[in-house]
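Down below is the structure, laid out as structure tokens.
Order as written gives the chain letters A, B, C, D, E, F and G; numbering starts at 1 within each chain.
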Amino acid sequence: MSKKEFSFNEAVAEIEEILANIENGELDIDKLSLEVKRASELIKQCQKKLRSTEDEINSIFRELI
Amino acid sequence: MSKKEFSFNEAVAEIEEILANIENGELDIDKLSLEVKRASELIKQCQKKLRSTEDEINSIFRELI
Amino acid sequence: MSKKEFSFNEAVAEIEEILANIENGELDIDKLSLEVKRASELIKQCQKKLRSTEDEINSIFRELI
Amino acid sequence: MSKKEFSFNEAVAEIEEILANIENGELDIDKLSLEVKRASELIKQCQKKLRSTEDEINSIFRELI
Amino acid sequence: MSKKEFSFNEAVAEIEEILANIENGELDIDKLSLEVKRASELIKQCQKKLRSTEDEINSIFRELI
Amino acid sequence: MSKKEFSFNEAVAEIEEILANIENGELDIDKLSLEVKRASELIKQCQKKLRSTEDEINSIFRELI
Amino acid sequence: MNTSEKITLTELQFIIRDSLYIALPEMYWVAAEISEIRENFSGHCYLELIEKQHDEKNIKARIKAIIWSSRYRFLKSYFENITGETLKEGLKILAKVKIEYHELYGLSLIISDIDPAFTIGEMAAKRQMIIARLEQEGVFSMNKELILPAVPRRVAVVSSSNAAGYSDFMKQLHENSYGYKYYTALFETVMQGTETEESVINSLNRIADNIEYFDVVVLIRGGGAQTDLSWFDNYRIAYHVTQFPIPLITGIGHERDMTVTDMVAFQSCKTPTAVADFLIGCVADTETHLTELSRNITELSRVIIERNRNRLELSRLRLIPVSRIMISEAKENLSGKIVEIINTGKDFIIRAGFTPLNQKSRLTSLVRTYSLDKDTMLKRTIHDLKLFAGKAIEKNNNNLNRMESSVIMLDPANVLKRGYTVTMKNGKILKSCESIETDDAIDTRFSDGHVISRVEMTGKETTKL
């Protein structure tokens, strides 16, 4: 995800998939914390993306008024 | 939009579409700031167009009296 | 009206039509500025005609009497 | 089990095996307490693993929120 | 039997043998009480072993909870 | 017989022998009486032995429970 | 008739005069048309009255008439006041007359009164006739139905250059306060008298030949004397006016009545000045209309611009919250995911925890069963041991008892006590009688002693017990 452009939607999709996996209980507990860690990282990136988008939009709006 | 004549109506339609997309939640967060930027630019151009049209009208009226 | 004299009636009719177009134009700004431009031109011509002398007509009239 | 990464699933499988042995009654009483000790240790490790995983998840999300 | 590690299973086997001997009536009265004594002792040891194993396991379980 | 350990089995064998001798009638009447006396004595001893063995065993069992 | 009876001309004239007076002593109301009228230096008015044939051409009757100046002054102003007409040629009047015969001037009528009502009626009747004819021909309002150009600037003027009204008109029109530019072409025309009809029609025809140069025709006549309207109650003039291809405006200069020409004209004004004002007004109206149009366009455009601005403003105002809502929804969604992951993760752990927990409880119960089994087995062993040991003892006990009873049974002392005896021979117990011979000494043992006896006889099975 470093090279490739981060995609919020793809990240959310991956989070959903992780959730589904955890929910289905098909997951090895040994992998659970790895998956949760991955989900958490994705969420962090999403939050960062949201914050940066918000900042961008705010600066656009400041110009607009 | 540099070559092509700027069309207020098309611009407004595009702004409305962008707004609708954002409102419907059909828009990708990844694209949000681009779309908002686009809408904001269009709004600015429309405002400019309105101002120039208004100036034109005012000049007509001034000539008449 | 020999050399295709400027016709007030036609001009007034066209201005009236422009007004109707603006009225019917559903607030189209793009058309508005075009129509306003045209109307402004016609009005200017009308006003000029009303007060300026046309030698051509004078000479025709001299011949007639 | 110190070097090798503890596996919850393998531990559960081993416990099941011990349980089966005890159930079959084929087990010597002299070995019973050893096996019980082993099973109990595995259970403890499983529970520890569960708790540590829970802690991990909690700490991951404390960061998030 | 003091040096050698007591074996529950061997003890049980010996008891079974004594029992068989007694049952068969092949046993000398003079030896009967000796054998009974022996068997009783073995049983006692077995019970002790059982108790001690039980205690061990219980203490393991106590830790487990 | 006082010194030597009394053997129940030997006593029973002797009684059997005496009884056989008596039954054979080959015995002098005086001897017969003697033998009978002897047998009676042996029986008594055996019975005593039996009682004592029984008591012993009972006391073993009392301990056992 | 002889000559002696001759009389002088004067005498004759007197006879005629007296006879007329006697024959026609009364006053008469006579209807007639004025064919000539003139006022002399002393203010007397001399007229010639005629009556035409039905064809209105040939004259049927004619007579001179006089209105004395004293009467004339009154009658003239009264007549003009009432009819709006001057007494003039062609006018039909109803006059109160007395026939007078003057030896010098001959027969004439002395008019003492004129009834204006009759003239009005006559004029009206004539007008009515013309109107009816025009209407019947369907041309009456044809000129009225034309459309006046928005800016009638090229004006054909039908008038007389001498007329005061013409110069009034020209001054008013060209020196208009708006500064509008007009182009006028005068078509010199006789505007009163008998030539009027031909002259007007001629001018109109000339204009019609150059119709493309004109927006409008004006027919104007001098202000001053308010007379001779009836020249324009003329069928041919009116007809030409109705047929004229561009609007015709009259300014013939009268206050009360309209001539037929006025009626059929596109527009009739009271005076030439009024015609000029009308033309100026038309242009001014057009200019006002233009101004209104441009004001409307401007206002409407402003409204449109304002609405578009509002619309744009609404969009702009919407853009901010809408984007923020989207972001905050995404945030909420993410927070939801966080909670969901925590919860499902914990659920997962709890569910995974069931397995070791279950195993633990199975382990304890299995261990309990195991030790219970072993315990039971040991108890059974104890039981068996007891049972088998007891049986062993019982068996030996039984054996002993059996042996004891055998011993008791076999003990000779006991046998003897029951009354049995033991017989011996040579110390040996006899169990059969065969070894006993007669005279053998046998020892019979009793419980309490013994007896030695001699055998007397032997025999087998002699007695039965």
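The rule we apply is simple: a residue touches a chain if its C-beta (ideal position, glycine included) is under 8 Å from a C-beta of that chain, and two chains touch if they have at least 3 such contacts.
Since we're looking at a predicted model, the values are computed, not measured.
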Common touching chains of subunit E and subunit B: G
Type of subunit E:subunit F copy interface by residue overlap (half), same or different: different
Among all chain pairs, the one with the most C-beta contacts: C-G
Chain whose mean Cα position lies farthest from subunit F: C
Distance from the mean Cα position of subunit D to that of subunit B, given in whole angstrom: 67
Centroid spacing, where centroids are CA-atom means, of subunit D and subunit E in whole angstrom: 34
Shared interface positions of subunit D, touching two or more other chains: 8, 29, 32, 36, 40, 43, 50, 53, 57, 61, 64
For subunit G, residues contacting two or more additional chains: 290, 294, 297, 301, 305, 308, 316, 319, 323, 327, 330, 338, 341, 345, 349, 352, 360, 367, 374, 382, 385, 389, 393, 396
Every chain pair meeting the contact rule: A-B, A-D, A-G, B-C, B-G, C-G, D-E, D-G, E-F, E-G, F-G
Sites on subunit A touched by subunit B in the complex: 5-9, 49-50, 53, 56-57, 60-61, 63-64
Residue ranges of subunit G touching subunit D (in the complex, touch as defined): 335, 338, 341-342, 345-346, 349, 352-353, 355-356, 359-360, 362-363, 366-367, 370, 373-374
Touching residues (chain side subunit D, partner subunit G) in the complex: 8, 12, 15-16, 18-19, 22-23, 25, 27, 29, 32, 36, 39-40, 42-43, 46-47, 50, 53-54, 57-58, 61, 64-65
Subunit G - residues contacting subunit C, complex: 149-151, 154, 178-181, 183-187, 210, 212-213, 283, 286-287, 289-290, 293-294, 296-297, 300-301, 304-305, 307-308
Touching residues on subunit E, where the partner in the complex is subunit F: 28-30, 32-33, 36-37, 40, 43-44
